[in-house]
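Here come two complexes built around chain A, the first alongside chain B, the second alongside chain C.
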Partner chain A sequence: MPSPAFDEMTLSDGSVRPAYRKLAEWLAAAPPDLLQYRVKEAELLFRRIGITFAVYGDQQAQERLIPFDIIPRIITADEWATLTKGLVQRVEALNRYISDVYGKREILKAGIVPEDLVFRNEAFRPEMAGKTPPHDLWVHIAGIDVVRVDADTFYVLEDNARTPSGVSYMLENREVMIRLFPELFSQHRVAPVERYADELLATLRSLAPRTSSAEPVVVLLTPGVYNSAYYEHSFLADKLGIELVEGRDLFVRDEVVYMRTTEGPQRVDVIYRRIDDEFLDPLVFRPDSALGVPGLMSAYHAGNVTLTNAIGTGVADDKAIYSYMPEIIRFYLGSEPILKNVPTYRCREPEALSYVLDHLDELVVKEVHGSGGYGMLVGPHASKEQIELFRAKLKASPAGFIAQPTLALSTCPTYVASGVSPRHVDLRPFVLTGSNGVRIVPGGLTRVAMREGSLVVNSSQGGGTKDTWVLDE
Partner chain B sequence: MLSRTADNLFWLSRYIERAEALARILEATQRLASLPAAYGGKTNEWESAVATAGCAEGFYAKHGEADHDSVVAYLAFDRDNPSSILNCFETARHNARSVRTALTIEMWETINGAWIELRRLADRRLAGEELTRFLGWVKEIGLRFDGSATRTMLRNDIYDFSRIGMLLERADNTARILDVKYHLLLPEQGEVGGGLDYYQWQAILRAVSAVTSYHWVYRESVKPWLIADLLILNDQMPRSFAACYGELVRHLDQLARAYGRQGPAQRLARSCRARLENADIRDVFQRGLHEFITDFIADNNRLGAAVHEQYLA
Partner chain C sequence: MRLTIRHETTYRFETPAASVIQTLRLWPRGHDGQHVVRWRLDVDRNCRLRAAEDAFGNQAHVFAADGPLDEITVLVEGEVDTQDAAGVVNRAAERFPPALYLRETPLTAHDHEISAFAEEVGSSAGGGELAALHGLLDRLHSEMEFAPGQPDGATTAAEAFRVKRGTAQDLTHVFLTAARGLQIPARCVSGYVRREGGEPQDSPHAWAEAYVPDLGWVGFDPTEGVCPTESHVRVAIGLDCLGAAPVRGSRYGGSGETMTMSVLVQDARASRSYRRS
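Now for the complex of A and B:
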């Protein structure tokens, strides 16, 4: 096991870090039943608002609440400033990389990223080769998963460059916290997050194709009510004041996208789509997709509609490409990465593979294309059978996996059945990139592994969320 | 506004209205069926409840005989009956979820709360006082939904579409109650004046929550032709054909103004209202009460189709 994790509130000598001082005092003074009472209140609020998510493969609990932890996670202004710089740099590199991969392919010619990682990548869209989306921007909304291991070190754990979700929890968690703990807010200067909806709308509008009118029409395209993130889709559409459309609400005529309205067809300029690439247009991608819009690609290629994120961005966010991110940043920006990458063994490389096979009980092994915490081995916590299962999988298709040392993710005080206790956390800030600049709202989604010692924070695996406070001073 | 959104709103309101109508039909039937046999005659009240709810085919495919238990089970809780109260709420909630942002928080909470509560109740066999309380609760949900719509919604096309759905359904329900019971209102039946008819008339009024209204309007004892007058032509009575069409015309006109365009739906609604305005209950009886009601049901369906064609497709 790694050494005891860094706790963001209490150092190993028992002293409280300055940013948490007032919170620690408050927690120490709060009678136990007060916390319990607020927990109940919080659950009631979430239930009433109807924030739920569906768990795939779980028929019983069609709609579940993600556990919400009432103790906020605090990030100082300085820490946030560093994070921001690193995130801006990272997303800029992602955009340059994708543009290059579908364009001149300089990074491949330079031999920095192996060609087969790009061209054999399931997320690579040959349809986009030689094409440039409006403004040559690809990743407009990115969720960069960051973890912390000590007072000074943040690692990027994962880039989400397709359709990252979770921002509704960032916003709703804050609303609930303000209602439940006004006294804590009066003691802390917490940077507000509510601007996110405005920032997102401004970003989306800035991406409108040049053929669109002065007042671009923006819509959010959802797979529908049965999608696990449907709540978020309707929440965002509401906050942005845009229509929440399904594929059947849209149609394409003469390479222009329209939506069916009670007043007849209306032109659509920007589609914030929460549908994966392969379902977008049955004429080009999966023909069995009932979620998409036939002809959408023709309108896209004609430059008459913007899709956010662009098609094919998945080529930048799988776990194999992840390991090349430091080189990618250096190649395009000529600067050192501000945020570190977790050292990664690419099992496609024979030396790395043999090291990984010898150290399975120490490493975290992940499927290159996996997400949501599925298909993942946490060596130190795994049983013998699980380890042997992964050994077999690794030998069968080494290129499908990467491995990383088990990081001692930082912990935050968390309210659990036995009282307040440290639990591991990560952080997903959201980075918006429009034609008029990059915007990051101070905050993000903190996910917390509710089970003691667990490192898996994904909501599908029983993870919870916390409100994330970026202090303004 | 998206056509699909308008369609969802339209059906959402229809289903809530239908659930409430079913609850009132069940209540009135339960009361009538519980009268002593001396007042009972030959009719099976549970059969006419099934007929009124318009689901005879599905019901008899599943149950041999219409009695208290089978009809309550089918109309209130059966998942195989697309129009059971349970399914009405289920569908309404599904629609509401798809158009959540078009609803006010109060409307959403009413529907979502009802759905959560109903899931708790659905697998229990309700009878007696529990059933009565349940039916009361269903009516209350209808009232709460209606009230929160009236009190919290912006008066825009969203509001119009949800009202149009509700009014079409309401007119249809009143018409179907009359369609099943029309023979009781005919003069040759009425002069018999036996005990049973009197309670049947009361039950019709009860099914549309109009017992008290009747006395306020006519200030005399219950007469069958006045019941017909109240439910068909009296525009003070909120569930009458006339009142529903007055409102339908108003909402359709609002839509036409907002969108700058009239269409078949507006014309159909106006001509139907004109017919109701110009009719006299004596003429209705003379030309045939049953034909009048059947024609109205057909017209009402035509208007629903026209609204669909014009806005929701």
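Now for the complex of A and C:
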């Protein structure tokens, strides 16, 4: 049996960790119906705001609210300082790695990352080889998923370097919490997250190509209303004060991107795109894509427009590449990783595969290219049939999978039907990288597995969210 | 052999298009078996042609033309000196190590039937990549029927293999899928071929190249059933024929689009005497 998970509020001896002391007192004193009332109020607020999330494969509930938990997750200033250092290091390494893989390929020549893991990776975009995006920066917005296993140890679970979502929940959760619990905010010095929009805009502007005007025009490119994250796209465009556009609102003429406006075409310098690589330009990628902009790549290659994130960054956040991150950090930065990596069995290696097949009931097995918690096996919680199904899948294409020990994700008190009870959480902080430095707003998206004992926090799998408080002292 | 080539592509629109934008891969480069004597590219509309090398080392051009356009024609013509090198391609622009060309694409996705076919051909051919590739070339040429015409850009190798029939691009895709199934790096070449008689063709040609450790890249043309000869002119490469496509375009407004191509590939001496007569 794994030892009980580390609880962020209450230690195993029953004592309350200092950062949670006031919250614990408040929770103990709060009458039960007060909490229940606040939960209802929160739901009402979210409905009014209109945050919904379309769940793929769920016909009945096309749009539904992501469960919001009213009990905040608290991170101390010291913990945050360590996290920040680790995140900055990680994202710097990601950028160096991507630049290298599409450039001189030194890490491949050095034999640190196997060549075929890059060249046969679907997310590797040959079209980017030998090209340099403006400022040679690739991952401008990263959502690095971090989990905690004890008082001092954080692991990175996933580097989301493509189009990470969820930041709207970080902002909305805070707004709702301030309305619901002003008394708690007066008792805690919670670092503000509201300036995220300003930081993001400053980052995007700093990335403008050198050929742009002094006041670069930034737009947010969405696949449209049918995308599960459309709400977030419109929310962010609104907060940033930039145009929300679809592919058909843009066009390319002589290697420059323009936006159609009522006052005629307007040049666009930076595109914060929330469309996957393969849909961006039908002349280069999927020819059937109606979401993209024909000719966009020609403007991009000419250096006349910045795409955020750059094309081809998925080559760094693949689950197979993940296992090489400690080596990648050492190779480019010459330093030890500050945030740990979960030990990972690469099933492409025969020894690892046979170990994994022998220990399926203890391990988490993930598809290398999967995301959103689809297509994964959580050994300790899986039925015999599920395990056998995965055994067959693994044997058929071992290179498509990695396996990791089940981590004892930390828990955080969460308000559920039976009252306040510990549930497993992770954390997605958002790391912004512009030409003028790295910015991380103190906070992030805490995701919580609402089902007791569950380790799957993905919103597509019924996970909820919490407000994340970084204490300012 | 000196070949003269003339390739005209015309788009017509029943309702005029407001504008079109296209990427062209219509500019051949030289290698040991091919020297471009002269070449020109012309679009019959007012537009700026922007040249850029793509990631695979192809010389590409992008242009956008504003309408109303009821038709637009892209013309390339030129002369190329070719030598028979038994299909071996030396000193072409190479931008990636062979390992990249093991990647599958949607049009050349792994298929059990093609893999089984490749395994069978490979084992009956005895040892070695080269023997297996020649086996694939012969078998695909004899068992698949060539259907002239434009590739639709959507037929997968698996679909073409099931009906045993397809365009040069389809046959090439089957070859690529089979070769990659044997862990042999392979890629598509788009270009031109001179056929006996020199009749106009309705589409440019396509064939495969596979990487053989001691030889390098070697061409295999499953449509013609040969390794490329001095009758072949190599223009562009890609992971599949869509990636190497001579023309990829998009149109704003308009409707009722039809596209016609006319390709003339002739022995320069023959075509000169023809002109004189």
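Following the convention adopted for this analysis, the second predicted complex is superposed on the first by the 472 of 473 C-alpha atoms of A that agree within 3 Å, B and C clash if a C-alpha of one lies under 4 Å from a C-alpha of the other, contacts with A are read in each partner's own complex, and residues count from 1 in each chain.
The criterion applied here is as follows: a residue touches a chain if its C-beta (ideal position, glycine included) is under 8 Å from a C-beta of that chain, and two chains touch if they have at least 3 such contacts.
These numbers were taken from a predicted model, which means no experiment stands behind them.
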item: First, second, both or neither for A:254, with chain B first and chain C second; value: second
item: Which superposed partner A:395 touches (first chain B, second chain C, both, neither); value: neither
item: Partner chain in contact with A:282 - chain B first, chain C second, else both or neither; value: second
item: Which of chain B and chain C A:189 touches, first, second, both or neither; value: neither
item: Partner chain(s) touched by A:298 [first = chain B, second = chain C, both, neither]; value: second
item: Partner chain in contact with A:359 - chain B first, chain C second, else both or neither; value: neither
item: Contacts of A:130 with chain B and chain C, given as first, second, both or neither; value: second
item: Touching partner for A:243 - first (chain B), second (chain C), both, neither; value: first
item: Partner with the higher number of touched chain A residues, chain C or chain B; value: C
item: Chain B partner contacts - residues on chain A that touch it in the complex; value: 48, 50, 224-225, 230, 234, 237-238, 243-246, 248-249, 259-263
item: Chain B residues within the chain A interface of the complex; value: 1-6, 94, 97-98, 100-101, 108-109, 112, 157, 161, 255, 259, 261, 311-313
item: Chain C to chain A touching residues, read off their complex; value: 19, 21-23, 48, 50, 52, 54-56, 62, 64, 95-97, 99-100, 102-103, 106, 153-154, 239, 242, 248-250, 252
item: Chain C-facing residues of chain A, complex; value: 115-116, 119-120, 122, 126-131, 251-255, 282-284, 286-288, 294-295, 298, 301-302
